[in-house]
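Two complexes are shown next, each including chain A; its partner changes from chain B in the first to chain C in the second.
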Partner chain A sequence: MLKRLLARYAFVTALPALAIAAAMVVAPPAMAQEKHGGKVVINVHADAPNFDPLASTEFAVHSRLGLAMNRLVEWKTGDDIGYGQFVAKPGLAESWEISEDGLTYTFKIRDAVWQDIAPVSGRAVTAADVVATYDAIIAGGVQKGLLSTVDAITAPDDKTVVITLKRPNVVLLQNLAHQNMWILPTEAFDGGYDRNVTVIGTGPWILTGDEAGVATHYVRNENYFGKDENGEQLPYVDEVEILPIKDLNARIMAFRSGQVDIWFGPLNLTQMEGLKQAVPDIQDVQTTANTQSELYLNPGFEPFASLEVRQAMNLALDRMGLGEVVRGGGGIGGVVGPALNAQTLPEEERIALYGTPDHEKAKALLAEAGYPEGFSFEFTVLNYGEEFVREAEWIQQDLAEIGVTAEIKMIDPVAGQAMGKEGDFQAMFLMMSPFAEADEYFTSHYLPGAVRNYTGINDPTLTAMIEEQQGIVDVAKRQEKIWEIQRYVYQNIQNPLPIWAAVLLHPAQGDIRGWNPMITQGFPSLSEVWIER
Partner chain B sequence: MIVFAIRRAVLGVLVLVAVALMVFVAIRLIPGDIVNQQLSEAGAVTPELLQEKRAAMGLDKPVHEQFLVWASGVVSGDLGSSLWTGRPVSAQVGAALLPTLQLSIIAIVMGALLGVGAGVLAALWRGTAGDMVLRMMSTVFLAIPQLWLGLLTLTGLALIGYYIPLPYRSFSAEPWANFQQVIFPALALSLGVAAALSRLTRSAMLEVTGADFIRAARARGVSSSGLYLGHALKNALIPVITLLGTQFGNLLSGTVIIERIFNIPGLGNLLFEAVANRDYTVIQAAVLTYGLITIIVNLMVDLSYGLVDPRIRGIRS
Partner chain C sequence: MTSLIQEAAPARRTNRTLAIFKALVRDPIGCTALVILAIVLALAIFAPLVAQFDPLVQNRRAILQPPSLTHWFGTDDIGRDVFSRVLYGTQVSLLVGLMVVIITMVIGGLIGMISGYFGGWVDVIIQRIVEALDVLPSLVLSLFIAAMLGPSVRNVIIAVTLAQIPRFVRVVRSETMKIRNNDFIAASRVIGASPLRIMLTHGVPNLMPTMLVLGSLVFGIAIMTEAALSFLGVGTPPPNPSLGTMLSQGTRFIGQAPWLIVFPGLMLTISVLALNLIGDALRDVLDPRNR
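Here is the complex of A and B:
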């Protein structure tokens, strides 16, 4: 069975490569065709409440801002870059240097201009803009945690920004490239304009209109600094429209009718099959989701205070069966989610730790912990949709096999997150945030007081390990430490229990070229998307 | 008549106050708030930041204090700002109201025409196969939830290769596109209304056609069409109008789902989003607006009785 499953996953993993290969065969040579022009329509299943990047981490905001704005450091994209793979690429910083002690980062700001919108009106980007943005974030932006190791940010001249750290932090570059870290002009912070409603960036497109429930519209920024590998001006596409289609069926109909070119948001494999039948030349781009389901066991509820019980729960769960039957593909969860394939434990090891159920051993552990007859608990399930609930029901049945009765209590996600923060639950099943770095998993789940530390974990050894990995400059050594932390969590913490990361589908119409979805928000590859005519 | 209208209006205001209070308290009893939602995707948020944001929005104050602040604003015409967008609530509700009113009015008119028409026909064809078909259809459409009817409409259109154009366009901007975007959700909303009305119209018509004054009219040689439309239908309309009023309330609640399915940026869609995001100020304003519309429609229904039946007009005078 395991072999069959592995074969199946190998096939699923190979699909994007096959799709790319097929596209390369049918597409004409890139240089032979005029790539510029046309309009791309994307569906995003929510309206942007406002355009202030410091006010919320809402995906609907940041996915829209990405078309018009830049970060100091960007995510490289391309056929050879994986969905969750961070490769730093110059953004508004054209280059940077890191001091030997890892405490000083010096960025050279590129020659770029702001979009020609009052009051900034196309002036040059300066180091002062970068400093003003980061100062505002540190003062009260929702992203301030990403700069928690920063000691000072200065601008010795118009084109240089120096960031000094309190302690080494090797994820700083990735933090600066984080999906919420857009650089704004100084006027955004000195009352020059209202950043809630006005978007002034340096990005490939200029936001020209946003009507809630209708559309967000962009036109090409002629002064964008980006060039492709042949030195051609980016972006290729003249216009982009984002449609906030909130109902899944309406989104499916819009894609089938060709009114949407690129799909963004939830879609399962069954629905994808339906789309394939209706749109035969559809591009079936698949990745492993950047989120995973997790089962939190509150030690405030007596049985879950026992490590043996948590281990027993882990051994009860047939995650591979769940993945195959409920999700039809994806990847087994880990302390670090499988979308971060360079940082999560190797798949074989995750299967060994989390995907090899043993009910006899689980029962023995329960007996050892003083629960030979099992126990009952209230199983709070956040309602993330039909398949997620089926995952919960699968877990419920697995636990019943070892004599543990889970009484499912459905709740909406916002209410569930609030209950999580209050510790007001016995066990809670939820979907984790889309993190792009192992450090985000560690710091949010396991540091005392952290925002996702719903079970109150306070383990000094683990805390020290997490802080240590932040300072390891050598990539291979840091990788080892990241794995060591994950193994430590498995051995000593077992909370929350990672479950499964589903397949994430990013279909596009057949005439769309250069579409490479990435884990970070803001559609970083969109400037290199073009339409085949 | 004027005294009657004023009395009903005062009662309506009291109902609105009760609705406002109930919604204000109920939405705060649900766990989770806007701050959780705004920062839900973040891994780097500190508990202190959550507290700061709550304090900035006044959510750290006791509920009664929050209510007094909000209610005094409403009395002075200020519905406050959306916690989610930061924009004035009145502007958001105002923009969303127009598509909802357009949809609801078209739906209720369609529902009334279809329902009364089918009811009259069923009464005329009493005991025939046509009567049975119409009665069966009304039972089916009464039983089908609007959500399912909406999805069925969307899927049915796709099956015949027709797709509603996107994005939404207002009637003033693009009338033809707007017509295509509104007519199908209006139809989905209207069928339930039509079903209820047709059953009531049929039974009211049958009751009236047996009355003495109808026999007298027939004896005077009034034609069949004149008899049914001029005499019977007019007298059967009072219960139908009453039902129309209550159906309008049901239809408004249906817009919450239908607008979402058909991607119409109306009040229902706004309310749905606001509840999901715990945007208290928008929820309160949207529910108040729905309440106000319902009260106005009911008032109109009450007043219309007098127009249809002179006896009622006489009593009220």
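Here is the complex of A and C:
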């Protein structure tokens, strides 16, 4: 009986299943939420004095240009890519080839158009634009050093650029992706318009207004070439505004009130705690700084001429404790800083070399060097702020544990760097410039006469190794050489002593999605940022 | 006769100082302030005996510990004992204050007396220089000088002294101008006393009450300025404790470890308040209208 009934009204029993199936067809899947639209506000703590990318290296200029312009090669961003890790991504070049000898780079220019602003007025991007930009940079741009190995740049046709080098340069792609290497139209160099005040690029947004002290405003570039991984047109956000809020407390208040969506600039952990209390759904995005503190030991001061003494000082330092207590996060320093996670030595090895203090061994090394009772020295500390000074005080006590007395002398950073260049110090503690490539660490610290070679290092073996890695085209082989150099520096140079790379905080409001801060200026992940509704 | 006068003079001065002190002790506010200052002074002077810990040594197993029986005022962010640091910081503050007062009294007093006694073009030149220094607020001037010289206790003393000298010069000058027209000064001149002798024998004793009042106020100002300079990073260099530096560093942990700013702040407030109250009481005691 029951079976008959079920057979007769079988369609009734199927109704719930049908309803569910219908709902699945009609209702949009949760993942397909419309990402386009809305406005994002960012704070940049300075006004742009002008918009000429060849005139200055100021972050206030280049962070703003990044929204409207592109480079030939861009930095890839994503959850799986570290803050300082360079992964080349096609920019205005959709592809490139490198000759076997590493001396010829051939770039194919993508089909892209300039923004519809006179006199360029939306024409297609050509190889001539790239050549004109690079020629102007070589002739007098602030970033001309990045093209120092270039022998010639030619455009065999409208869509091809060929760069030939004087000698192999494995960091050429990274140099072309450098934060200052924006490509401009030829009109920017033949008097067509004034690049100090007019911004014409190919980027995701068009700069529509800039009022000093008020805001820089952008609207979506409908003709931008960028697409997301699903082929959706980028950027997602219709409008972007950059607010030049110079005062830290005003920036904090602007973020707390929701006026600012994405934080840019310095922020310490204490201030972050305050923000978290005021904005409970804040996104606490943390990365490791692309700078690190370094302790320079001048061999002109007798004890520091001894490698044993420098090794002893390295063994005295409790860097892991310093990082935890003073900085509350970040990464242990290395010859190549930890932000360059693909090039620095693996963390376990850096901890073994620099993060394992051994005071007994350190004292034995001092005794071996002829200083069994220790010694005193003037410890020049550049005043980069309270947390940095705390690092110096931490080091001072570590050294006292092995009988070495460091007399702290505070000094202004500019004066300190001048002293460094003159070699007028015994030991100097400073914050290194931000670097994005291992080669920059090597060439600035260890080559004779280099800008950061404050201790006069002139080691022919090391110089040869540095020059050799510059010519290795094979990525894996070059990686091995980069590690070999770092180990050589640890064994034979021990100067400067790398200390710690601080944690960087990049908070964003809770409804911001797709925000991946990156070492380079210009907010490269911003075109993929969207607002959850 | 002359020898009798010479012997009697120091005795009169001692009696006067004693009388001022007694009057100060009889004044309830003055007496309380004196007691407080004496306690602060004793704590600072005997800091090595009172403090349980070395103010520079970091105990890395006791980071940001709240006040306890072991660490009376807690520990800071790298494990240093805050009580010991407050005591040694007070020592630095009082040293700066004392040195500034002494140097300012001597230099400012001398310049003020010369300006007021001689008058004329000497006065004009000195007063224009003083006015030029007075144009800038004293803290800004101190900040400028300290930033130029670099952070050290010695440089803080120089910076604060230079900023406070104009204050002394002006007051002493006006007092000297009042005194120089008295008959006893004219009499001294007539009997052939040199200007230096007149200033030392008649000027200084008569100016002393005013200078004492001003000195007590400048003492407080010097302590505050030292704290402000250290707060701004151009004062006492690390790792040496200073009340200003402690306050500056403590602000980072104001929610997490309020003891880092409460105790240095209290010590600073108490010291400056005591000095100001003594100054007020001294002024009352020395004011002829109150006698």
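Throughout what follows, the second predicted complex is superposed on the first by the 502 of 533 C-alpha atoms of A that agree within 3 Å, B and C clash if a C-alpha of one lies under 4 Å from a C-alpha of the other, contacts with A are read in each partner's own complex, and residues count from 1 in each chain.
Heads up, the rule we're going with is that a residue touches a chain if its C-beta (ideal position, glycine included) is under 8 Å from a C-beta of that chain, and two chains touch if they have at least 3 such contacts.
As the structure is a prediction and not an experimental result, all values here were calculated from the model.
A.B. asks: Taking chain A as the common reference for superposition, should the pair chain B and chain C be classed as clashing or as fitting?
C.D. replies: fit
A.B. asks: For A:464 in the superposed arrangement: first (chain B), second (chain C), both or neither?
C.D. replies: Neither chain B nor chain C is touched by A:464.
A.B. asks: First (chain B), second (chain C), both or neither: which does A:326 touch?
C.D. replies: A:326 contacts chain C only, not chain B.
A.B. asks: With both complexes overlaid on chain A, does A:145 touch chain B (first), chain C (second), both or neither?
C.D. replies: Only chain B is touched by A:145; chain C is not.
A.B. asks: More residues of chain A are touched by which partner: chain B or chain C?
C.D. replies: Touched residues of chain A are more numerous for B.
A.B. asks: Would you check which partner chain A:87 touches, where first means chain B only, second means chain C only, and both and neither mean what they say?
C.D. replies: neither
A.B. asks: Quick one: is A:433 in contact with chain B, with chain C, with both, or with neither? Answer first, second, both or neither.
C.D. replies: The answer is first: A:433 touches chain B but not chain C.
A.B. asks: Quick one: is A:393 in contact with chain B, with chain C, with both, or with neither? Answer first, second, both or neither.
C.D. replies: Only chain C; A:393 stays clear of chain B.
A.B. asks: Can A:55 be said to touch chain B (first), chain C (second), both, or neither?
C.D. replies: Touch partner of A:55: chain B, not chain C.
A.B. asks: Looking at the superposed set of three chains, what is the minimum CA distance between chain B and chain C in Å?
C.D. replies: Minimum C-alpha separation, chain B to chain C, in the superposed model is 6 Å.
A.B. asks: Give me the intersection of chain A's contacts with chain B and its contacts with chain C, in residue numbers.
C.D. replies: Touching chain B in the first complex and chain C in the second, residues 411-412 of chain A appear in both lists.
A.B. asks: Would you mind writing out the residues of chain A in touch with chain B in their complex?
C.D. replies: For chain A paired with chain B, touching residues are 46-47, 49-50, 52, 55-59, 140, 142-146, 148, 180, 196-197, 211-215, 241, 243, 245-247, 249-250, 253-254, 256-257, 259-260, 278, 411-419, 421-422, 424, 433-435, 440-441, 443-444, 449, 451-452.
A.B. asks: Which stretch or stretches of chain A touch chain C in the complex?
C.D. replies: The touching residues are 268, 270, 273-274, 318, 321, 325-326, 381, 383, 386, 389-390, 392-394, 396-397, 408-412.
A.B. asks: Sort out for me which residues of chain B touch chain A in the complex.
C.D. replies: Residue list for chain B touching chain A: 30-33, 36-47, 49-50, 52, 82, 84-87, 92, 95-96, 151, 154-155, 157-158, 163-168, 260-266, 269-270, 272-273, 276-278.
A.B. asks: Please give the residue numbers of chain C that touch chain A in the complex, ascending.
C.D. replies: 56-58, 60, 63, 77-78, 147, 150-151, 233, 237-239, 248-249, 252-253, 255-256
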